[in-house]
Amino acid sequence: MPQTTNEYLLILPFLVLSAGIIVSLCVELFFRKGKELLPYLSIALFLIVAYLSVGQIYEKNVLFGGMLITGGIPAIFNLLFAAAGVLVMLNSIGFLKKYGFYHGEFYLLTQLSVLGMMLMAGSGDLVTVFLGLELMSIPFYVLVGMNRKKVSANEAAMKYFLLGAFATGFIVYGIALIYGIMGNTSLIDLTENFYIYSENIIFITGFILILIGFSFKIAAFPFHMWVPDVYQGAATNVTGLMSTMGKSAAFSVIFILLTAVFMNDAGSKLGNYFAVIATLSMLYGSIVALSQNNLKRMLAYSSISHAGYMAIGLAAGNKAALAGIMFYLAAYTFMNLGAFGIISIIEGEEDKQTDLNSYAGLAKRFPFLAGMMALIMFALAGIPPMAGFFGKYYVFISAIQSNMTWLALVGILSSVISVYFYLRVVVYMYFKEPGEEISVKSDYSAYAAVIFAGILILSLGLFPDTFLSVIEYIISV
Amino acid sequence: MNFELLLFIVFALVAAVSSLMMITRKNAVISAVFLVLNFFALAGLYLLLNAQFIAVVQIIVYAGAIMVLFLFVLMLLNTGKEEAILHGKKPIKYFAIFIAAVVFLQVAYLLVFGSGSFTSNPDIEASLSSGTVETIGREIYTKYIIPFEAAGFLLLAATIGALILAKKKFE
Amino acid sequence: MNSIPIEYYLILSAFMFSIGVTGVLIRRNAIVVFMSIELMLNSANLTLVAFSSYLGNPIGQVFVFFVMTVAAAEAAVGLAIIIAIFRNKLTVNIDEINIFKW
């Protein structure tokens, strides 16, 4: 079939990023100073992608025979990935030297994984979903283990790789069963005839297999076992990348798969499945996080419970839930990137200074960092008027609209539990006497990343209705 | 009993038995060889299904390239024998086998009783033509051009990644 | 090909998939675990090709082509990770490489 030039104009964000990857590769290869240049090149690329995505946010287009969808929800996700990518890049400039992996490949792999995420968010066909997922995951496996000398990084990479590939096996088998019933792999067909197909038990089996595979990626309860170790073993900036953008990308695919459910406000047979996953993830994540002393590990468990809160919205399955989860994802992304940004600033060489004791009395030594950390912890705990509160609020409201009040109540219970371990960090910073001396190098680009994250959290929290109505408008287009 | 069914039974038996052998052998190299055998049997099944291109690629890429890579790494690392598969403590292993058996029985049940939904009378012409190199090539370079390009970037990522992780010296 | 019902292929592939899952769960050698994952992918490929052939459309076979690409990429990265861990710890046994809890 003939492709028009117009189609190529519409996939410009993808083309720019792909071209940028090739350029970055050449820069890395031919310039000795390449690795100094690459972070700024990546930031420029992400900003261009963001700019181009904003331009097409209101017009939805189905391109290349249904392979790709641009505009609308995919554009919002592209924007989110680009913004988060900029923060991760700013954060990495100083951190990589400290971590002992100061090479240009980090930036290349990050760009490649962002390309994969954009493909996932914009996919109109299961083939694109699958390739996007792998294009995101394979750089992640490498990034987790990129410091080959560190045993903890090796082990985290292997655990992540084996479980990730295991999940891929489920996804492929699920796609195979769905293909057998539908006779094609188009997600547009799947959305249009979802309620006809879902009468078929084999289709539902395949669908659940795919959802199991993606539950690994969003780190929901029964499939969470890799999360704490991988988050702890990976470099802190990589953890930030995986825990926010990786999770958002996996959610974007779940949105596409469940579009029919969300748009009809009708819920589905899968509602109960998600309700169970949500309950278990929230409670497990919050309760286990209570006993963690390592901040990275604590945030890992808290990210399991955040996946649970978002799964409440999947269980509710109405338009309000879709908008609520998108808002939540944005808030969660910037909160976690801010938190991991601060951890990466405080962290010393050899993974030192990531446990709670290093934060004792931080407010006296580094009032700015302590203040930002307190802000982010309040936001993560869901204390108004921070972004985290409204994320949870919208999701709970959507659950109540779908007559799942009990699920909202479990969510509130879990949030109350989680306040304890978030505020414990604040208590350590402000009310404990400083313990042993910690050394922190000032790193202005990382400070900038943290400040941006803080501004975004505050603005999402102060003007939640504006953002939500924009999201709702785009969804309804 | 016709010849096709006979071939199917032979290939299916080889595939099933070799997969079982693969997960039960203590020596990893022998496991790998059984997996190669399994892939050859699958290639035979693909030929029975008129998928010539996939059958050939299965042998060239899977059995020929990927498994050779596995064997290289296995022999390079010389990992030695694992202890007996169900050795010792782990009741979790029995649990795993139990779960897998339940899953298999369930899927088999579903497939047998949900089979009304499959096209039972295949169109042989369409089936024959859909497995040729020509058809698949045309599909990949027209409709599937975006996934094809993505696969290119995927391989680029894998190349860079493998280099980072396994290169002998880094600067 | 009318003589073989499609269910035969599907049940064979379901069997291989279950064997693959079992292998992942019970084996301790990381490379064998990875080979079991390859077995899972192959059983999914068999399902795809069977459906593709009986439906008479090539989509399933194109998908298998992409699955093979991905499997090759995963093999390269996965084996590199395994080599990296072997250099540090001289073992690829999952039980022994655990400073973290599973």
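We just call them A, B and C in the order they show up, numbering each chain from 1.
Note that in this section a contact is a pair of C-beta atoms (placed from the backbone, for glycine too) under 8 Å apart; a residue touches a chain by one contact, two chains touch by 3 or more.
Note that the structure is predicted; figures quoted are calculated from it, not measured.
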Of A-C and B-C, whichever chain pair has more C-beta contact pairs: B-C
Geometric centre: closest chain by C-alpha means: A
Whole-Å gap separating subunit A and subunit B, where each centre is the average of the chain's CA atoms: 31
Inter-chain centre distance, subunit A versus subunit C - centres from mean C-alpha coordinates, in Å: 27
Whole-Å separation of chain centres (CA-atom averages), subunit B against subunit C: 6
Where subunit C touches two or more other chains, by residue: 10, 17, 20-21, 34, 45, 52, 55, 57, 59, 62, 66, 70, 73-74, 77, 81-82, 84
Two or more partner chains touched - positions in subunit A: 127, 131, 134, 138, 141-142, 145, 148, 157, 180
Numbers and ranges of subunit B residues touching at least 2 other chains: 107, 111, 118, 144, 147, 151, 154, 157-158, 161, 164-165
Subunit C - residues contacting subunit A, complex: 10, 17, 20-21, 24, 30, 33-34, 37, 40-41, 43-45, 47-48, 51-52, 55, 57, 59-60, 62-63, 66-67, 70, 73-74, 77-78, 81-82, 84-85, 87-89, 94, 97-102
For the subunit B and subunit C complex, residues of the former touching the latter: 2, 4-5, 8, 12, 15-16, 19-20, 22-23, 28, 31-32, 35, 38-39, 42, 45-46, 48-51, 53-54, 57-58, 61-62, 65-66, 69-70, 73-74, 76-77, 79, 82, 85-86, 92-93, 96-97, 99-101, 103-104, 107-108, 111-112, 115, 118-127, 130-131, 135-136, 139-140, 144, 147, 151, 154-155, 157-159, 161-162, 164-166
Touch list for subunit A against partner subunit C, complex: 126-127, 130-131, 134, 138, 141-142, 145, 148-149, 151-152, 154-159, 161-162, 165-166, 168-170, 172-173, 175-177, 179-180, 183-185, 225, 228-229, 232-233
Complex interface listing, subunit B residues touching subunit A: 107, 110-111, 114, 117-118, 142-147, 149-151, 153-154, 156-158, 160-161, 163-165, 170-171
Residue numbers on subunit C that touch subunit B, as the complex places them: 1-12, 14-23, 25-29, 31-32, 34-36, 38-39, 42, 45-46, 49-50, 52-59, 61-62, 64-66, 68-77, 79-84, 86, 91-93
